[in-house]
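The structures come next, written out as structure tokens.
Each of the next two complexes has subunit A plus one other chain: subunit B in the first, subunit C in the second.
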Partner chain A sequence: MVRRTLRPPFTIPQLVISMEKLEYHFSTPSIKPAVGAVICGVVGSGNLEVLVRPADTAASCTIEIKTSARGFGNIWQAVLAEFISQHAVGGTHIAINDMGATPAVVTLRLGQAIRQYAGDLR
Partner chain B sequence: MTTENGSARSLRHSYFEATARQRLSWLLDEGSFRELLSPTESSPSTHLAALDIPGAFDDGVVIGEGALNKKPVFIISQEGQFMGGSVGEIHGAKIVGLLRRAQRDKPSAVLFLVDSGGVRLHEANAGLIAISEIMRAILDTRAAGIPVVALVGGSCGAFGGMGIVTCLCSAIVISEEGRLALSGPEVIETVAGVEEFDSRDRALVWRVTGGKHRYLMNDCAALVEDNPVAFRDAATQLLADNAFAPPGLAAQQKNQSRLQARLEKFKDMRDGLQVWQALGIQDPAAIPMMNCADLTRLQKELYT
Partner chain C sequence: MNQTDTPKVWDTRKRGRQRRLERAANLGLSPQIRQEHITQLLQTVIEPGDRVCLEGNNQKQADFLADSLAASDPQQLHHLHMVQSVLALPSHLDLFENGIASRLDFSFSGPQGARLARLVQDKQIEIGAIHTYLELFGRYFTDLTPNVCLIAAQAADAAGNLYTGPNTEDTPAIVEATAFHSGIVIAQVNERMDTLPRVDIPADWVDFTVVAPRPNYIEPLFTRDPAQITEVQILMAMMAIKGIYAEYGVQRLNHGIGFDTAAIELLLPTYATELGLKGKICTHWALNPHPTLIPAIESGCVQSIHSFGSEVGMENYIAARPDVFFTGRDGSMRSNRAFSQTAGLYACDMFIGSTLQIDLAGNSSTATTGRITGFGGAPNMGSDPHGRRHASAAWLKAGREAAGPDAIRGRKLVVQIVETFREHMTPVFVEELDAWQLKASMDAELPPIMIYGDDVTHIVTEEGIANLLLCRSAEERAQAIRGVAGFTPVGMARDRCMVENLRDRGVVRRPEDLGIDPRLATRDLLAARSVKDLVRWSGELYAPPSRFRNW
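Entry: the complex of A and B
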């Protein structure tokens, strides 16, 4: 008699629901805040919130991300590098809570946040 | 803290589609809002962090003080886009803290911009306790002589525990798009079956829980169009009338018997259309297409 160990007829995929924390540092010319910290966006589906705060380091910027979509570190790096090349954001700390926003939405939100921070948008 | 409140209030903006921060900046006198526990001072939910879910810096609710038509008011604005406006531990604590501060500082009113499906289930008991603390704080605030006005017109409506909280407020302002009930349509369908309630039938959902139905049932003080100007005007008018009843035992008992009589009268009905007919409305089928002004006139005729 052949004995077989019981096992399911198909492999059950491991469901990973966990957020990823990313952190990036960029050298960039400094920006002057208009009023202090600003927030824009909402942590909703396909959206993100961006919180920009003044920081001590005048010629650099730290960007901290918490995202529900794992494994997109390279794309974040590319989107942020492009953003840094377009805007001077030194002397800030940028924190992001993301719920699966697309790169285009991230770019627009970052631009919006930094314009608010500089006082160009009310 | 600056927030994305760039655009001035206008009839062309939708209250339903706006964010919590846009709504409160539209509601209050321009530039009067001062946020308490702003995103830099508040902290995201530790429960969500433990579950590896990204939180929001303000935990989905904005609180603070400002002015409405030059009267000092406190304001609470829930963000429906963040986890359905659900009430977690920090979210609830911010609301309760503001209501207790209102009892101390005595503003003219507290405006509660409700947009929530109720308890944040991820936070289980902490969320349930938060809801019960909010209920207590609302009643304490009203007992202290400060009216709490609920404004319901967000995409999540006011459901679950937040449905109860809304009904405990001094007055409710609702739009046609707003919804107010206890169990949400999908919950009812899941528990009792699609024969009981078809949550995909959007028109039915609104005929049973929507703003027009709530207003016709005399549950709300005002029915308004879906724009920031209408909500602001209705809240301003309620504060000017100042006809809020304190939450006394006699008033509660009267309300209880009103609700029992209603349950008896309408309990076998399955659709708002049947209820409106039983209320004595000549052409119930015309209600869904009616505008706020006409519906308000009709409601006044029913209840005078």
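Entry: the complex of A and C
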């Protein structure tokens, strides 16, 4: 998978400073990975990048978010809780780099990433 | 009153017209007016207090005549009552700022919405009413008949016959109302020709023609670049096709102008055809010539399209598909906004489009605080006409879902398709529409609601479809709407138990209830993924405007 070049609308230091970091932990049955790690989506306006990699904790999942849209912690919490209720993702660490994606895009992208990670490519 | 008083005069309008024409003739202003004399002509034939119709809608604009009227002397022309479909150009509002016009009846003001709101608040403009297109045309023939109309055509011949070309649009309705009630018709044209390709407006309905210094402006409003269609829009399109188009067998319809419906158009030759729906849905349209419909037309999914106006770049493609589009003997399209709106109102089984806000009753509005944008045609398309009497499978099914097997009438399907959040995480679902604030700040009689909740039959979001026809109470309706409102505050405040009950009854349906895997909603499903693809599908007949060319 090739990393695409990110062209932020302002300089990188500003971008980093304005990012909000969020972290969530969920208990969830473990998932059986088919691949080592996956990256799904791109960091572009209204979009996000989801990186899934294995973690030692079989029955839980850590989700780390870096987002340019500050102040939406409660919505992230709700979106992720809904996602976890529908997917077993224990034993993973999920990193999200977000540029203001809507909950619909976040849900879709998470679903695609987990599907790739589990090798369910149909 | 004594019968010996002065005899009753029955031709004041005719005499008024004669008086104006004589004034023009005395100044040597001939029917083929020169550009430099146009403002003088307007000041001569228009009188203070006149009702003036300025042609312009979301597509073509009589922009030269608008500029010329705005340049006239407010000492001579003042207190004009403007009646017009759309306020789109700065000159439309200059008329009011310059003190030439004072009253306005209109339909839509998209790009000038914020400036219009300021003028209303500063009391520089008095709004009669905001209409739909058909309503406004209807009033041209009742109490808002113009004294003078200023219109746009492609070409005129020496006699004054007009050729409008594909963008006929509002012209016939405006000219008929004016010419047949002793008004004066002034047309700007792009060129004079010895012989016109066809006559759209006959010469004896037209008083003056002027060649404009530049071709009249036309906005390519209906061109959507497939490259910008998102996976979420594709998911919603899949749900709409499988959960609504297929289930009701929708054959006659109108689409809004957004990317959501463009996605549906681009799934017709792929996803819908794989579902075996070709020929069963989407065969007859009241629609502008959307470039994103080219793949469906080329794939044989579409039988006919009647259009409100044309679309820049589609002319040659349309001319080459006369079985599908309405074209003249000359080969070019003839559009007609009034007739296409009538088709959309009475002859279509479905309207589907997007919006900016939806409340818990299903009322939908594109008005936001500080902007008066109006409606255009959406409330016509997006309403259930009680004057309809003919039946169709889709109309009957919807009617029976709402009122049971003994329903005495059907229902038009009125579908709102929206992602739950817009850009900048603005929720589409709200407890109260901004329209109410706008009503208060504008001192208006009604909130500017685009589609009434009791006309809306379905709401499609990324979370699922709410079928409001099946709701049996206001409470059920509100919970069905909350049930597809996603993670918006309105959605999160749902009664989960009640929403699950509604889901059991098929009132709320999730993608999985429809047999749709959201993860399969990828851009690979689009029949065209770029404007270039559309050009290829058209056999190089579609010539997109330069702003849509990136190759």
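Definition applied: the second predicted complex is superposed on the first by the 104 of 122 C-alpha atoms of A that agree within 3 Å, B and C clash if a C-alpha of one lies under 4 Å from a C-alpha of the other, contacts with A are read in each partner's own complex, and residues count from 1 in each chain.
The working rule: a residue touches a chain if its C-beta (ideal position, glycine included) is under 8 Å from a C-beta of that chain, and two chains touch if they have at least 3 such contacts.
Note that this is a predicted model, so its numbers are computed, not measured.
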{"item": "Partner chain(s) touched by A:108 [first = subunit B, second = subunit C, both, neither]", "value": "second"}
{"item": "Which superposed partner A:92 touches (first subunit B, second subunit C, both, neither)", "value": "neither"}
{"item": "Chain touching more of subunit A, residue-wise (subunit B, subunit C)", "value": "B"}
{"item": "First, second, both or neither for A:36, with subunit B first and subunit C second", "value": "first"}
{"item": "Contacts of A:60 with subunit B and subunit C, given as first, second, both or neither", "value": "neither"}
{"item": "Subunit B versus subunit C as contact partner of A:28, first or second or both or neither", "value": "neither"}
{"item": "Partner chain in contact with A:68 - subunit B first, subunit C second, else both or neither", "value": "first"}
{"item": "Touching partner for A:19 - first (subunit B), second (subunit C), both, neither", "value": "first"}
{"item": "First, second, both or neither for A:44, with subunit B first and subunit C second", "value": "first"}
{"item": "Subunit B/subunit C common contact set on subunit A", "value": "112"}
{"item": "Residues of subunit B touching subunit A in the complex", "value": "1-6, 19-21, 38-40, 44, 52-58, 79, 81-83"}
{"item": "Footprint of subunit A on subunit C - complex, ascending", "value": "230-232, 235, 419-421, 423-425, 461-463, 486-487, 492, 518-519, 521"}
{"item": "List of subunit A residues in touch with subunit B within their complex", "value": "17-19, 34-45, 47, 49, 51, 53, 66-68, 95, 97-99, 112, 116, 121-122"}
{"item": "Subunit A to subunit C touching residues, read off their complex", "value": "46, 69, 72, 75, 78-79, 82, 100, 102-105, 107-108, 111-112, 115"}
